[in-house]
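By letter and in written order, the chains are A, B, C and D; residue numbering begins at 1 in each of them.
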Amino acid sequence: HTAVNLADYAACAESVLDAAAWAYLSGGAGDEQTLRANVLAWQRIGLLPRLLQPLAHGHTRVHLFGREWAHPIWLAPVAYQALFHPQAELASAVAAAAQGAGLVLSTLSTTPLETVAQAIADDAARGPLWFQLYLQGDRGADAELIARAEAAGYEAVVLTADAPCHGARDRERRAGFALPPGVQAAHRRPATATPAPLPPGASALFDRLLLRAPNWDDVAWLRAQTRLPILLKGVLHADDARQARSLGLDGAIVSNHGGRTLDTLPPTAERLRHVVDAVGADWPVLVDGGIRRGTDVAKALALGARAVLIGRPYVFGLSAAGPQGVAHVIRLLRDELEIAMALLGARTPQDLARTHLLEPASTPDSR
Amino acid sequence: HTAVNLADYAACAESVLDAAAWAYLSGGAGDEQTLRANVLAWQRIGLLPRLLQPLAHGHTRVHLFGREWAHPIWLAPVAYQALFHPQAELASAVAAAAQGAGLVLSTLSTTPLETVAQAIADDAARGPLWFQLYLQGDRGADAELIARAEAAGYEAVVLTADAPCHGARDRERRAGFALPPGVQAAHRRPATATPAPLPPGASALFDRLLLRAPNWDDVAWLRAQTRLPILLKGVLHADDARQARSLGLDGAIVSNHGGRTLDTLPPTAERLRHVVDAVGADWPVLVDGGIRRGTDVAKALALGARAVLIGRPYVFGLSAAGPQGVAHVIRLLRDELEIAMALLGARTPQDLARTHLLEPASTPDSR
Amino acid sequence: HTAVNLADYAACAESVLDAAAWAYLSGGAGDEQTLRANVLAWQRIGLLPRLLQPLAHGHTRVHLFGREWAHPIWLAPVAYQALFHPQAELASAVAAAAQGAGLVLSTLSTTPLETVAQAIADDAARGPLWFQLYLQGDRGADAELIARAEAAGYEAVVLTADAPCHGARDRERRAGFALPPGVQAAHRRPATATPAPLPPGASALFDRLLLRAPNWDDVAWLRAQTRLPILLKGVLHADDARQARSLGLDGAIVSNHGGRTLDTLPPTAERLRHVVDAVGADWPVLVDGGIRRGTDVAKALALGARAVLIGRPYVFGLSAAGPQGVAHVIRLLRDELEIAMALLGARTPQDLARTHLLEPASTPDSR
Amino acid sequence: HTAVNLADYAACAESVLDAAAWAYLSGGAGDEQTLRANVLAWQRIGLLPRLLQPLAHGHTRVHLFGREWAHPIWLAPVAYQALFHPQAELASAVAAAAQGAGLVLSTLSTTPLETVAQAIADDAARGPLWFQLYLQGDRGADAELIARAEAAGYEAVVLTADAPCHGARDRERRAGFALPPGVQAAHRRPATATPAPLPPGASALFDRLLLRAPNWDDVAWLRAQTRLPILLKGVLHADDARQARSLGLDGAIVSNHGGRTLDTLPPTAERLRHVVDAVGADWPVLVDGGIRRGTDVAKALALGARAVLIGRPYVFGLSAAGPQGVAHVIRLLRDELEIAMALLGARTPQDLARTHLLEPASTPDSR
């Protein structure tokens, strides 16, 4: 039967995916408190509409980095989409373009970045086309990847900084998830043969895996590699946004990686306001995590986000129905956003303001 | 078996209605947070009684627009009642009159407004008889409808302003609800043939449906069309009540449309106080949404409402047992109100005051 | 199998009682929010112990009205105990005396007050013996009842003021509860034949039942009828306690009638502090409602109560196992109180203080 | 199938233990509110990471009493481990040593303290080896026990002061738990024959069991018996920590005995901050109760604890899989701690600070 909202696609996806892929896609870190809180925190913000406002010829258009886009709902970087549909990232990209949604391709894409870009770069009605970067500890190779993305037509780089290592993803481990044969990251350096044995008392994490974890120096280096806008993804602390801005980055994405890294991170709906307030309205802040409803999108915009990204929901659509599923997910959410705007009395995204919100009482915390 | 409270009628109604009609009647927008919060917010307000007060010859009578009414429990406008009982709005009206309850007939009544008025207008013991208006974007036709209502004996106009478009009512859509053949709105203009096709990128909502959505100018126009009292229904923001008052309207109904339009609107029990405080005690404010108990009615009155309206509960009664069901619902609620007043130490509705309430701690918010 | 705490007796009682008696005993008003909140509110108060305090020869003894009693756990007035056990109030009284617990006999006892008094008045180890009074609107008869109680040896009068009429006890009504033949109140005036018919529009509640509901004048009258201490039962508002004190009454019982009258009354654990603070430490305040654990008793004493009363729990014991059940319930609770005191570092009830409590954040409200 | 986190070991243990042993091990006092709150309170503290921090060669090492230890996760004293595995305390000790975890042996060990010490004292990679002391009211015997522990190589004494008597452990009583034949405490004085009968009205608790309950004088006495560091276990009130410090003790363990003594004690996660703030950063404070995740450990350290202890989790491991189970539990938790530190941007335990925390709003209370 037909899906009428994003939650319906979750149920569909669960029924078509094998248990391990489902665990990988839907699970979070630890006890999944952040995973749940992400969704609940948007729901807990109340909406206070104004009646009888002018609504004719309203629209959802937003501006970013000098261009106007049809609406502010974009697709977050999600790794290994070949797990979910044979057309993988290509299906997501084509659907995004058809629906005017932005696309952020993951470094861990199973489809080469050029293939994705070729399919949609020339679509006049598409949304922004961005590349998500994981720094992999080898500046030569990292620089090369950035150059490839720039050459292929990607319009911005999203540097993900909140996942120097995997979180404790128990659901995934319990389901015994592993990449099936044939599913592999197109842009990842192959692991260096057998690593040197660790001295006694050493930590596999700190003394091997994190030896070249990216830090702020690498960000400065990255800034010098490209003239594309760079956004820092994974920001929760206002000072990290300030630092990114002071190093010449062009924006931030407030994110807790969809609750997949560290459990009990605060929901993004609670951090967005603090980050926006720290950097000022002229420096773009986007947000993802738990966005499931048009009302959530309206709240994010009212708090000061320029756009939102959805992660799992579109991959649920991809799993359930390929490109059509992804397109339908975007369409459903955009329709809900229009309805929410109309019922709030907001003709355009710019009309959405904090005065439309009734935020729950909570620790005032401006960090 | 016998129903002892309003919740019992919900269960009865569910068992007699088909799934689609039940979804239409009982459902709300989105994840139905507002639907649930409406009920919970009344429950969360505590009652602080005074012992040993004089109670003899207490009563529930209230004054409004120059007349005295037996009690402050009225029937909210509910569309398409032919869905629920063959006697439809007539059954509700007759029961309301028999119980001294006010009646607000919907624009989307399946029974012509004159038929309803004729049945009860001359009943000396009836409550107020009001007409709920949806402005339909055609001033001539709107004016004609108002004139008909006035001629038929309706004593006030209730302008519903919180539903310029439908909410995302997922339960209804999932149940595949559609008006069955033969059930139609008696006062709605038929849809103009096939609408002109939309230009690419245009929005069916903003560029077609909402082109003539009502705004404050239409309210000023409406004010000039009739000398009947006009109440604005759907008010949640204190400034909207102030604006209504300043345009010469006669009162407001604090409402979120029973949680059917925009999910995560605040429960009306939380907004009532702010609206009452904004407009002052002499300008009538009523409230609906989630009222299920005599204690809820007492709390609304103590917060400053002149009367309350119930929506779903009486339609549950209508579905389950026709006019008798409606009458019993009103009677049960009124009996509970009398008991609540007696146990609070309040002899009359006027004795109910905020000192009887223990409101839960929450964001102080005077908007 | 053996009951290890008071909750176990609830389960036993439910299994032996017929559904109607169980509904009468265990149910509350409306949606039973207050019924549940009474229990939860004690649980929500945290305990902050002090380590390594002197504990040898600790005890639970309390003073009231010039005498010392073995412990502060007393039996609240509960009507119609013949519903629960053939020995009815006599069983409760004998068990109370055996366990040194106070007994408050209800006006609606099914056993004559003299019979109860004779059975235990001379037991040196018994607790206080008090009579609970409902004023019944006929001063002559009321005075006579007080005189009988005084003559029989009752040591105080408890005037219940929070129940001028029944609450909306839905569970009871749904179970079709009615007093079975043979179960009748020993001290209630028989209903005057058929009442005069009500004029149209009149209220059976306000214009008949409550015509002679007791008020503060009746309290002043009562004060003049007896030299026994009088306690006002049902106090939730600090001003009602002040008023009682100023009329010469001797104490108050903070109570919401076990959640049986008006739903959404605040839990007594939240009101006790305000009442105690209003009247000062020298004027006795007791409390009942939701006390199920020794920790609850310790908290009530720490908040300033001189003693606590239990209602349903002992009647669960009575239903399940007669006098032995009642005695066991008292014993279990007293043992838990001793343990709680020892683990808190309090040698005597007088050592319990608010510094032992961590009260949950809530609206500061001193009414 | 494999356990991926500590909760998995709880399920395994439940399936292998008999019902009585399971009730003894997993149960708590009263309604088990504190038992549950201990776990929830850690979860409710939010984490606020800093991005892009230097992480290479990070580690989990901590200093205490002049030595450095591999990590701050130690095993709390748990009585009667022969109930759970034939190798009992020996299995726990060997696993602790293998994993570099500290071990606190209970007075109620079923294995003699010398046997345990011999097995691990010389292991260079082991953690601290401490002895938990219950004062048993006989100074001669108590002094002898301390001397034995000191001689055997224990490096500190942990004086447990929060359990002068058993709590009301209903689950245990309902399961009919009793020590099986052959399971007995190695260091407990045998009960003195039949105790003298109590005079009427006397309390078995206060007039017999607690006659020689330890108090602050006994602490002063204990201080004079040994030059080993002494820590006071069971501290919740800041003043008790201050007192311990002023009597020359060397540290405190914030604990509510795992929710096994008095129900509704506050969770340790809420008290830790107050105790740390009272005594200052140079006086060691540890904490136990409800620690189940590496994030919990990180939060405890960020609040100022020098180390944490786990109780039930390792005994679940012991029950399920003997020493391997214990070792795996420690390893899982340490791995999670490393991940949490890395994702927080903390290279070492010393880097963890309150700025990494988002504490839930609650009554400010510095006691």
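Basically, a residue touches a chain if its C-beta (ideal position, glycine included) is under 8 Å from a C-beta of that chain, and two chains touch if they have at least 3 such contacts.
Predicted model only: the values in this text are computed from it and were never measured.
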With touch defined as above, tell me whether chain C and chain D contact each other through largely the same residue numbers, more than half shared, or through different ones. different
Between 0 and 180 degrees, and as a multiple of 5, what angle does the rotation take that fits chain A onto chain B by Cα atoms? 90
As a quick test, compute the distance in whole Å between the mean CA positions of chain C and chain D. 42
Using Cα averages as centroids, what's the distance between chain A and chain C in whole Å? 59
Among all residues of chain B, which ones touch two or more of the remaining chains? 361
By the document's touch definition, which label belongs to this structure's chain graph: line, ring, star, complete, or other? ring
Using the contact rule from the top, write out all pairs of chains that touch. A-B, A-D, B-C, C-D
If we count contacts the way the header does, which residues on chain B are in touch with chain C in the complex? 1, 4-5, 43, 45-60, 70, 125, 293-295, 335-336, 338-340, 342-344, 347, 355, 358-361
Could you list, by residue number, the parts of chain A that touch chain D in their complex? 30-31, 33, 161-168, 170, 173-174, 201, 203, 205-207, 210-216, 218-219, 232, 234-237, 239-240, 261-266, 361-363, 365, 367
